């Protein structure tokens, strides 16, 4: 199955910090740039996300802003 | 001034397509990866966004999902 | 691959209306309830979304509000 | 008063878990499908949300993705 | 019924511009500040939103950023 | 640099509550109206946000709903 979200940045999980209901996942996406995601701890557990994993950071296009 | 949003991906605008109220901006962020933003045409005009511009694609961390 | 988004409502596409950059997709999710999605026309094309398709409406948990 | 958000899924609260600032509310919306919402604990208190309540899960159409 | 969204800014509609599926609504919220909303044209019609209307601009707290 | 987000409500921070990964910031934006933001504690620290600070509450137009 494929998702309508336009943005899939491939990278490697640098760190996962869970804190109660929420978790912070940092993904290195190349060229020294990283993406931080706040997701539920439930999803971290369900997907078994750990440092070193190859993952995609997924973002719907309507959520992206441009700074110039 | 600095913004609380955790994600600022630096890149180069590849294309801008405006269509009535909305516009689609594609930013090449390095390593062959790109980010697509849907913003208002009003903002494209106000910031003068054009192909070739150096910009940041900005995303709040709560908007990012992880796919594994 | 699995996505961290907590909400996947399975249903059948009732209608797809594309209009320039954006498209409106209505999904019947059972019990007479439906979900409306605004996505890019580019994603409608890429996924080949048409009335009658079985799809999931996907929503990140941080985007859901409760009305009581 | 009526809200512009296009999606109002009616259902019954299955569980509410509060954890500091944030809370996770799971709503059974029929046909064995459920919706998970992350809202503030302040809103859980203000609305008095409890398991068994009849509520609507409300989502803006621009926040919905389609997976096919 | 009450909504979990924490932000309800009361104001007066200054302008409504519809363009195909989407519409832009500008609300003057006092002290010379205004809020711009992109909603569906379907919602503009359903609620009958017109310049001069007293409305609330509603935003979930997780969607707000801080710039300092 | 300027951001494409259409909504910048100027105001004064009334309170900041941090709780593990997340923080709640309340901004008084004039006329007795306030805006509540849920951001990461990491951003509260990085920007040094404290009660009394003059800040902007920033919201992308696609995140705003209208209630009438």
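Which chain is which? They are A, B, C, D, E and F, in the order written, and residues in each are numbered from 1.
By definition in this document, a contact is a pair of C-beta atoms (placed from the backbone, for glycine too) under 8 Å apart; a residue touches a chain by one contact, two chains touch by 3 or more.
Keep in mind the model is a prediction, meaning the values are calculated, not measured.
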Partner chains shared by chain A and chain F (touch criterion as defined above) | B, D
Where the centre means the average of the CA atoms, what chain is farthest from chain E?
-> A
Which of these pairs, D-E, D-F or A-C, matches A-F in more than half of the residue pairs in contact?
-> D-F
Chain centre separation (chain C, chain D; CA means) in Å = 17
When the C-alpha atoms of chain A and chain E are each averaged to a single point, how far apart are the two points in Å?
-> 30
Between chain B and chain F, tell me the centre distance in angstrom, where each centre is the average of that chain's C-alpha atoms.
-> 21
Any chance you could list the residues of chain A touching two or more other chains?
-> 1-6, 20, 22, 24, 36-40, 42-43, 47, 49, 56, 58, 60-63, 65-68
Mind giving me all the chain pairs that touch?
-> A-B, A-C, A-D, A-F, B-C, B-E, B-F, C-D, C-E, D-E, D-F, E-F
Contact set on chain F toward chain B in their complex | 1-6, 37-40, 42-44, 46-47, 49, 56, 58, 60-62
What does chain E use to touch chain B in their complex?
-> 17, 19-20, 22-24, 36, 38, 62-63, 65-68
Listed in rising order, chain C residues that touch chain D in their complex are 3, 5-10, 24-25, 27, 29-31, 33, 35-39, 43, 47-49, 53-68
Chain B-touching residues of chain C, taken from the complex the two chains share = 1-5, 20-22, 40, 42, 60, 62
